[in-house]
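The same chain A turns up in both complexes below, where it pairs with chain B and then with chain C.
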Partner chain A sequence: MKFSFLGVLLVVLSGCVSLNSVSLTSVPADRSKRVAAASERFIFMGFNFDNDYVNSITSDLKTQCPNGTVSGVLTKSESINYFLFIFWKSRVSASGYCVPGKMASANDIIRKRKPTDDGSDPAPAETTEPAVQ
Partner chain B sequence: MMTKKIFLFIFTITLSTLIGCTYSVHQVPLSDFRPYADAKSGKPIEARGSQFVVMGFAQETSYVENAYKQLQNQCTDGTVTGIAAKSYSEHGFFSWTNHIHMQGLCVQR
Partner chain C sequence: MLKVSFLLFACVAVLSSCAVLHSVQIGEIESSPDLASVPFEIKVSEFGIDLNDVKTTGRILMDKNSSDKANDALTAIQYFQMGPHTGAGVYSINYVDHLENKVREQCPSGRITGLMSIRETAEYPIVKGEIVKIKGFCLKSKRENL
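What follows is the complex of A and B.
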């Protein structure tokens, strides 16, 4: 009797994880400082009125890298399903690397382009891009 | 005759249990190409990760991180850029295998 109760409890409490999506960005050469953030929400019978819990991830990553660029970001969106899919947890996690220094903006790159004689669109100029090196 | 049918049935079930008969690609995210460099100058690298799941019972999805680390280990002092990560499943009988296949370009400093 005790064992069956424990068995039921185990089934109810243990969740089955499934991966919904993965995304990633270019990985920098300097991988000395790792940053990570995660956010999750418990959902009962599908009742979920917004997805605002995801927004905190960006600010979390920014806080961990105030004077640098976050690069090499691996983002995972997962669902952890509990007993009979009546309730589940949605989790979004992101991890990357904080690279000191600022990344060259698109405007900086365009400014560095040299105009061609025939007025055609020039090839992008070589940039050093210290942030991602 | 009956024995032959039973054997054929068991053989079919065993075969469908052991091999994936259908595949589905879930998504293929592609990262940016940064820094700007000649594609020929980079070294193509790839990494794979997988997870065998029976009837949906899986406790983690760390195979993704493992593949990501594997990719980085192949480019220790360079930038990994233009990463394509194909996420797909190989379906079997009451079971499936989740796969992730990452391909990128290692550009040295």
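What follows is the complex of A and C.
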């Protein structure tokens, strides 16, 4: 009797997880600093009127890597079902690697590539490398 | 009083949409104290029709004979809409074709970071809003941003 009660309790309280989507960007060679962020929402009877809770993930990752680039970003979107899809949770998590100082070259590009007035693509920056004969 | 409350509840239920998240994808995120990140958002959507909702509504509004016929016709249409998909079927998927141009319009310099692609559905009875959202940051030098 006690065993069956515990079994039912375990079934009710443990969540079944299903994966909605996964994505991964290119993974950097320098993987010394790992950063991660997640955002989730508890949903009752499917009543969810927006998905704005995912917006905070990008700024969370940005805060953790203020002077660099977050690369190798693994994004997972999952649903955790607690009870017959009456109570469930939607969770989006992202993790990656902070590569410090990668923006130095990006700043150079910004300086070289000024935007045009009409919004069209600017001409590519001039390179200092000698042309191949 | 009870009738009015029920009507209000029904109105809220019909007019409000439930947002269903299908997928999220986040790209590389760059940041530097020398550059300002200007956020931008692009949203494109298309009408989708849920044939299962149409069947259910037909069963409520029509007599049994007519609803059975409509049900058979809709089931035949559904046979041609099988396969992996997110959300309800739409009549054209061209609504996502110009996303790249729209991103370029938002950030002509091309220095885009923290690009997040969101695929979601706004669910109303029968009609669904099939949405693709692109959020990101346009990097600008702080002087340029002023």
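Please note the rule applied: the second predicted complex is superposed on the first by the 97 of 133 C-alpha atoms of A that agree within 3 Å, B and C clash if a C-alpha of one lies under 4 Å from a C-alpha of the other, contacts with A are read in each partner's own complex, and residues count from 1 in each chain.
One rule holds for everything that comes next: a residue touches a chain if its C-beta (ideal position, glycine included) is under 8 Å from a C-beta of that chain, and two chains touch if they have at least 3 such contacts.
Quantities reported herein were computed from a predicted structural model and do not represent experimental measurements.
Enquirer: After the superposition on A, what does A:S18 contact: first (chain B), second (chain C), both or neither?
Expert: first
Enquirer: Tell me the contact category for A:I57 with respect to chain B and chain C: first, second, both or neither.
Expert: Second partner only.
Enquirer: First (chain B), second (chain C), both or neither: which does A:C65 touch?
Expert: Touch partner of A:C65: chain C, not chain B.
Enquirer: Considering only the touch criterion stated at the top, classify A:E78 as touching first (chain B), second (chain C), both, or neither.
Expert: first
Enquirer: More residues of chain A are touched by which partner: chain B or chain C?
Expert: Answer, by number of touched residues of chain A: C.
Enquirer: Let me test your reading of the model: by the given contact rule, A:R31 touches which partner, first (chain B), second (chain C), both or neither?
Expert: first
Enquirer: Quick check for you: in the superposed arrangement, does A:S90 touch first (chain B), second (chain C), both or neither?
Expert: second
Enquirer: Considering only the contact definition stated at the top, list the common interface residues of chain A for chain B and chain C.
Expert: 21, 23, 25-26, 109
Enquirer: Which residues of chain C touch chain A once you look at their complex with the stated criterion?
Expert: 16-35, 37, 104-105, 108-111, 114, 116, 118-120, 135, 137, 139, 141
Enquirer: Please give the residue numbers of chain A that touch chain C in the complex, ascending.
Expert: Listed in rising order, the residues are 20-21, 23, 25-26, 46-51, 54-55, 57-58, 61-62, 65-71, 73, 75, 77, 90, 92, 94, 96, 102-103, 106-107, 109-110, 113-116, 119-122.
Enquirer: List the residues on chain B that touch chain A in their complex, please.
Expert: 26-27, 29, 31-36, 56-61, 64-65, 68, 71-72, 75, 77-83, 85, 87, 98, 100, 102, 104, 109
Enquirer: Tell me, which parts of chain A touch chain B in their complex?
Expert: 14-19, 21-29, 31, 72, 74, 76, 78, 81, 95, 109, 124, 126-129, 132-133
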